[in-house]
Amino acid sequence: MNHLAVLPVAIPALAGALLLICGGSRPLLERVLGIATTVLGAAAAAALAADSLSGAYRVYALGDWMAPFGIVLVADRLSALLVLLTSVIALAALAYAANGWDRRGRHFHALFQFQLMGINGAFLTGDLFNLFVFFEVLLIASYCLLLHGLGQQRLKAAVHYVAVNLTGSGVFLIAVSLLYGVTGTLNMAHLAERIAQTPEADIALVRAACLMLLGVFAVKAALFPLYFWLPATYASASPPVAALFAIMTKVGVYSILRVSTLMFGGDSGAAASLTSPWLLPLALLTLALGVIGALGAKRLGELVAHLTVASVGTLLATLAAGGSAGLAGALYYLVHSTLIIAALFLLSDLIARQRGSAADSLVAAGPPRQPVLLGIAFLLAAATVAGAPPSAGFLGKVMILQGIADHPAAAWIWGTVLASSLAALVACSRAGSVLLWKFTAEPAREITAVRGSEWLPLCSLMAASLLLVGFAGPLHRHAEATAAQLLAPSQYVQAVVGNSTERAPQPLGRELPR
Amino acid sequence: MEFLFASALGVVTACGVYLLLRGRTFSVVLGLSLLSYAVNLFIFSMGRVTAGAPPVVAEGVAAYTDPLPQALVLTAIVIGFGMTAFFLGLAVRAHGESGSDHVDGSEPAGPPEDPR
Amino acid sequence: MLNLAINIAFCAIGLAMLLCLVRLVRGPDAADRILALDTLYINAIALLIVLGIRMASAVYFEAALLIALMGFVATVALARYLERGNIME
Amino acid sequence: MIRRWLPYPLLSAALFAGWLMLTGDLSAGHLLLAAVLGAAIPRISAPFLEHLPRVRSPSAALRLLLRVTWDIVIANVAVSRLVLGPTGRLAPVFLHVPLALSNPQSTALFASIITMTPGTVSAVIDTENRELLVHALDCRDPDALIAEIKERYEKPLLEIFGC
Amino acid sequence: MMNTATALEWLVALMLLVGSFFTLVGAIGLVRLPDFFMRLHAPTKATTLGVGGMLLASIAYSVNHGVSLHELLITLFLFVTAPVSASLLAKAALRLRLKSRAPLPEDPASGH
Amino acid sequence: MDTAPQAPQKNNAMTLPIIILLPLLAGTLLAPLAARFGRNSAAWTVAAITAASLGLVLSEASGVIAGQALITSWEWLPAIGLNLSFRLDGLGLMFALLILGIGLLIILYARYYLSPEDSVGKFYALLMLFMAAMLGIVLSENLLLLVIFWELTSISSFLLIGYWSHSAEARRGARMALAVTGGGGLAMFAGFLLIGSIAGSFELSAVLAARDTIHDHPLYVLALGLVLLGVFTKSAQFPFHFWLPEAMAAPTPVSAYLHSATMVKAGVFLLARMYPVLGGSIEFEVVVTSVGLITMVFAAYTAVFKHDLKGLLAYSTISHLGLITFLLGLDSPLSAVAAVFHIINHATFKASLFMAAGIIDHECGTRDMRRLAGLWKYMPHTATLAMVAAAAMAGVPLFNGFLSKEMFFAEALELHDLGLLGQIAPVAVTLGGVFSVAYSLRFIHDVFFNGEPRGLDRKPHEPPRYMKVPVEILVVICVAVGMLPGLTVAPLLAVAARDVFGAELPAYDIAIWHGLTMPLLMSVIAIVGGSVMYWLLQHQYRLHMSTPARWTAPRLFHRGYDGAVRLAGQFTGLLINGSLQRYLALLVATVALLGLSAFLQHGYSAGDLAPTAPEPLAVVVWLVALAAAFATVALHRRRFAAVVLVGVVGLAACLTFAYFSAPDLALTQLSVEVVTTALMLVALSLLPQEGPAKSLPTHQTRDALLAIGAGAGVAGLTWAVLTRPHESISWYFLGESIPGGGGSNVVNVILVDFRGFDTFGEIIVLGIAAVGVLLLMDGLRLPPAAGAGRGNSLLLSVAARALLPFALLVSVFIFLRGHNLPGGGFIAGLVTAVALVIQCMADGMDATRRRIGIGGAGLIGAGILIAGLTGAASWLFGAPFLTSAHGYPELPLIGKLPLASAVAFDLGVYLTVVGATLVILTRIGGVRSTTAAGGQV
């Protein structure tokens, strides 16, 4: 029995529990334990990713109950890739937090582990209701992490974030249970099979459920008009948390991707081509509004948050346009944007800390202590996030633009993507020139230099981004293979539930009240 | 029965949504509570509603109601409880920090906007 | 016979609940509302017991037991709150 | 030795009986379990328990139980007539019942009995002034009612607990 | 002549009716009685004879299906808790000096 | 296009990439390091690197001049057509020599130009970066690779222009240059993508071969337009020219290098590079020539009126770029020669002029020609050099500018196919020539003669010896080429021009004297006319007094830029206005619309099942629920009442569950309901008791409509499902519950076994929520509410203690039987917690805390850990996570004992719930605690 698939969930869960027990009293132990388990989790993630290279589906039946009855974890190329990506981001965020951010509130490390557990679980689960549960795990952990360090700004952002997501969770439940009510199953592969066989009379119900589900995912992914909670939330989170949150919108994107390829894919069935008509315009609008927001941002954190929105817009537009090549590009772009946004959140903290009370506001402040290093870091990160060549952002955009070239709306996508690239470039150059070039003659004050241990996580993320450039060829081939796997949902269904008819839903008997 | 069930769900949902959209954290909590009742009942109803057939396996009983939605509701209830508790804590702290229980963290300024 | 009694009981309890609801909505004071809720809990216990008799099932018993226990907690909390402005110190 | 293992024997007995009542199962397993729980739960909840007054006269306790039960039935009927009849004629009143009981548990029991017998509700136990504030739904002669309450319930309680 | 089973059924029915009656009376009292302190008396009926009747009915009913006495536990709980609720509510009402037909005592709720 | 150039020579020699990599890696990294040892060492280092690159280029030059284009290629991202492919052909060779040669001179010049405060290391590193990018552009064989280097020039020039970042002008100039050229680059990128997709490859060779396909493609015009956008922005063609003068905020070496010799030439390079692919069409010819012509004339005219030396040179540069653009637009072989020739010439004389301007600025402290005058007296050497270069710029015979300009004039006479444009062109180019003579004259006369300098804060003198060397070298080239073109540039020119034209060139002759031709006449007119114009301006119009309307394009741009930023901010602020109400309303509306859209398409229909008749009891519960829900809304401002009323809705839900065969749910709903009520009250005691009074009904209608919509939607869905028959996978659970799960309460078996993983997640959610409450309440201490009652209730105290053991008993009961009958760890945990909470209410929190003794968060952690370890324990048996085991071991006396590992799991649930509930209630409840104990629960 190979337990690889459950490890990315089980390790952080157990570690989180342990950390809760020893929480508060032994901060160093907490830190060491937190980092050690994250490394362990990353190793498991790497093993899983390596395992996924074969292209096989690793199906893990929890409690040894076969699908669709029990909950299964399904690790395919995409899940494994995202779990690995999560680990990378997590390691960087945690290493950064270990410089002191983790002690600005209690139970940081426990919450961090639970956050990882939720994210990994969401990526791995093959059960729609279990996906809800993991969403809740990652959300509640994110609420707490968002509040880490407290303060009025964070509280306000948290009220919005929590309220929106609680409402979203309600909708999620309605959608999932409605699907169950009509199809009688919860396993995503089984649902895919059942949805394809929906009788004519039930099509509207299934479609309504699927659309509501997509609506919920759109909230998490941050799609217009449901993303308004994001900028304030991300901008007010503490930097390591914001860096970790870079993966969170991707959970929404992943969910859309997963259900739309698996459950709503193909041309037949009740949920055929469910996403395309409305997702594309909304995604393009999201992209545009994201860069407009970045252009008008008054703080660096806000700017990065808006760029997060823009990256989601790019991704979803590509997904909506469909096609294997575009999808492959989108996957590459997803990895890139996650890495660089995480890096930018860390960097914005480093910059803010050298600017006294001005922090990351885009106004002149006293000169920083390490302008050159910060400048180089910002230059690289900004160029990457804006998609300037030869960054991973550029390569990703090339892949995307080429990938969707045959789509009827290609002109729209191209225009929006390119124009938003320019806007992002302008926004970043404006921010950089104000933050790192425009100084007031502020009297000398105590600024501590950025320590090596604070550079390390940032540099690792940037190095990862550079590796994306250097190994663009093999990575793109992997992305293509992943896209191909995603676009062959029948294999997924076959791997998870087989084609046995004895697993079909049956009536349970209905007895009227006496 | 089905009509009563459906209409009650609709009404509770509507009341919940209306309260959810008010401008005070406590009203939002009330709205979320009502919504979660509605949602839980909705999940429950997806297994259809049957009286007198609890899913406790016993000899000689053939008809049971669908146990799965019930299990889902239980999960939803517990999660909802946790979330409500958290949101209440958040509301208290936000009010404690800012002195306002408005959902946007401060009393609406200027001309008397709708402070609900 | 028994069925008739059960149905009468249902109607009586239902009516009692509605009356409680009237008090609950009308108030006029918070104390009245708590009292109405408390009574409503009691009615719910009664209802569950009758339901248990009708369904010839013991599964409703726990619910009744819990209401007895939990309803008390709710009432205490409410009353405490009313009296002191907080429920714990 | 028994004190050490069963610091609250009465409570343990009650728990033992309670478990059997709950399960309705007199099998060996459940008897054993009931015994374990009867021994364990008082120990677990010991920090919360205080020493209960010793029951001195079990027969008096039984008599009081029967009396209260009977009173509940009778008073229920009486109060029902009050409730269903014209309410305008009711004469409610607050009574200050002086307390002879001193032990908190027995005082609480006294107050509870007053509440459970319809027509009277214990509102406040004033331990400083050693009196009980009782609201009566319809009372023409307060002093007589106070005397009756003390006679019917407080005296047996004093007899049972001695305090 | 009635056999035991029928007698038991009659008993159950009777107890149910008794319980129903007092439950209803309690609720009527809650609505009809003019002030809070008087309304405070209403639930007592529901608690005692109302639920008590139902529980007796249930016990009687269960005689045929394997005796169960757990209903007694509910009664125990109710008898322990109801006076507490009533007292706390009364204290609260006294503190708030709610409208009362009976003249309110001078120094409300200062006691312990 | 009859004969193609010689087939390129392909090999995998590393020469070409090394040419780029040397400055890119070695240059950028070593420059700052070397700068630590002084500016000389920095300059020597980068000069050596540049020289090395130059050497490599030269080593390949002979082959290229012989007609062998060198192509090397490595795969990078073949799937998207991006390869590391390099090409060294004639055009590339010429540009590479320009870039590296002038680069060397600039390095030397900058060594003396930069002041001690300037960071030399940073300057040279950026310069090397830029050099590498430029080399990349001219050596790219792959169009995508070219885009990469193209944008790299934009970015590195941004950094170079902003080198003096303390200056607002520098920052603005840098941002403007980046926005314009970066934007153009993106357009070009799009154009290349189109071309690549049409040609099926991004390799230049393939694209060149696909010329006809591209021209015939419907997207040709679009691709052309996009590429031209890149060209025009980079080469500062009208109307995108405005960034170049603003970029003069850069240090002069930068201006000399980027804005005369190299970066701006990238645009015309690209035009030349793509000419064989895109050129030859009427669209190309008309657009490119007219843009070039307009730019040439307009910029020359503007240059005359610039008082700033660098401003004059900047507009002159724009004008000359226009000239080159014009030439490249024409479809004739000789125009290609002229264009290439002028690229070389312009680079030499303009770079030297910029350097001269830099020397003047350096020595006089100003570049304002109204203050400068008579410098001949102070720096005759520099003046001589500048005068030669200016003469070349003006197109005076014997200097290189004359030769190419005459060819330009000649070409302008050949525009017969272009109708009106063909008739205007000769006049326009002559006029441009006039202006260019005028500003050249002004440059010389105003600076070096024309009286004495005014108001300089120092006495000007010659610069350091070596600062002049680069100028001297360039001026020598100007003269050498001007006098002996055939011996100097001819071979290079030939191969470069051939690559531009894309075919072998006809025979042509570069000479000073062609006889009395029309172009010569035009030259004479230009020189005479320019002189007259300058004289008139100086003496009649008093040029120095003029304050020519500052060309408004940069202003417009800055206003537009700032406006866009402000507008973006305002727009975002309006959209994302920080109002939760809006966000939630949008969410509800979106979801409702999404749901509705499904029915709009497929129609709504109820199922076929006949609904069952309502029961009186159900009607009562229904009425209760409705009344309570409506009353909650009506009374929601009276929060206490609302809490009670919400509780009633919960009670109705509980009864509904109980009635419809869900005792577990009823139990749970009820327990949670009560705890929630207590919780709400605890919280309410810390919040305002009443919502603010109603005022303007701004959103009420909107919200009511949304609410009704959502309600109708949910009701509709419920009705639709309830009237349909039901099939589900649950038959499996019903069948497997006892044999597979060891329990008869199927719901519980699902919870702890079939879907135990859900439950595991669920308790974690609850646990984290409690931890969250713990964190939220950390450090929050409020005074006790005013007028709050004090003291405890004896009755409550006694009852609470009496109840505790029995509550625990009930907990155990509910816990143990959960697997077979309604109950389980969750409810048991709630019962325990509630029993403890009653103690808190009776005796106060601190006393209770002491009595409980265990930390809340620890309890939660222990619970989760137990549940998790139970799950992980199955690994020991080679089974998946959370696999349960159950059995009925036979015990003496007791008989069969039902044992299931799920019980251990449920114990974890129990502990978590107890811990979480306690933490939640006591933490929030403790905020108003009089004895502010900060310890854990």
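We call the chains A, B, C, D, E and F, going by the order they appear; numbering starts again at 1 in every chain.
Note that a residue touches a chain if its C-beta (ideal position, glycine included) is under 8 Å from a C-beta of that chain, and two chains touch if they have at least 3 such contacts.
Computed from a predicted model, the values in this text were never measured in an experiment.
Participant: Listed by label, which chains are in contact with subunit A and with subunit F?
Facilitator: Both subunit A and subunit F are touched by B, going by the contact rule given at the top.
Participant: Of the chain pairs B-F and D-F, which one is connected by the greater count of C-beta contacts?
Facilitator: Taking the two pairs in turn, the one with more contacts turns out to be B-F.
Participant: Measuring between mean CA coordinates, which chain is farthest from subunit F?
Facilitator: That would be chain D.
Participant: In angstrom, rounded to a whole number, how far apart do the mean CA points of subunit C and subunit D lie?
Facilitator: It comes to 22 Å between the two C-alpha centres.
Participant: Roughly how far is subunit E from subunit F, centre to centre by C-alpha average, rounded to an integer in Å?
Facilitator: It comes to 71 Å between the two C-alpha centres.
Participant: Please report how many Å separate the Cα centroid of subunit A from that of subunit B, as a whole number.
Facilitator: So the centre of subunit A lies 27 Å away from the centre of subunit B.
Participant: Centroid of subunit C to centroid of subunit E, CA atoms only: how many Å?
Facilitator: Chain centres of subunit C and subunit E, defined by C-alpha means, are spaced 10 Å apart.
Participant: Identify all positions of subunit C at which a residue touches two or more other chains, and write them in rising order.
Facilitator: As it turns out, subunit C has residues touching two or more other chains at 11, 13, 15, 17, 34, 36, 58-59, 65, 69, 71-72, 76, 80, 82-83.
Participant: Note the residues in subunit E that touch 2 or more other chains, in rising order.
Facilitator: Residues 21, 28, 40, 42, 47, 68, 70, 73, 77, 80-84, 87-88, 91, 95, 109, 112 of subunit E each touch two or more of the other chains.
Participant: Give the residues of subunit A touching no fewer than two other chains, as numbers and ranges.
Facilitator: 129, 133, 136, 140, 143, 147, 150, 159-160, 163, 167, 174, 178, 180-181, 186, 508, 510, 512-514
Participant: According to the definition of touch, which chains form touching pairs?
Facilitator: Per the contact definition above, the touching pairs are A-B, A-F, B-C, B-F, C-E, C-F, D-E, D-F, E-F.
Participant: Going by the contact rule at the top, pick out the subunit E residues touching subunit F in the complex.
Facilitator: Contacts found on subunit E: 73, 76-77, 80-81, 83-84, 87-88, 91, 95, 109, 112.
Participant: For subunit F, which residues are in contact with subunit D within the complex?
Facilitator: Residues in contact with subunit D: 793-795, 797-801, 804-806, 808-810, 812-813, 817, 839, 850-853, 891, 893-895, 897.
Participant: Please give the residue numbers of subunit D that touch subunit F in the complex, ascending.
Facilitator: 11, 14-15, 18-19, 22-23, 27-29, 32, 37, 41-42, 44-45, 47-50, 104-105, 107-108, 111-112, 122, 125, 127
Participant: Please name which positions on subunit E make contact with subunit D in the complex.
Facilitator: Counting only subunit E, the residues touching subunit D are 21-22, 25, 28-29, 32-35, 37-38, 40-42, 44-45, 47-49, 66-70, 72-73, 79-80, 82-84, 86-87, 90-91, 94, 100-105, 108-112.
Participant: Taking the complex as given, what residues does subunit C use to touch subunit B?
Facilitator: 55, 57, 59
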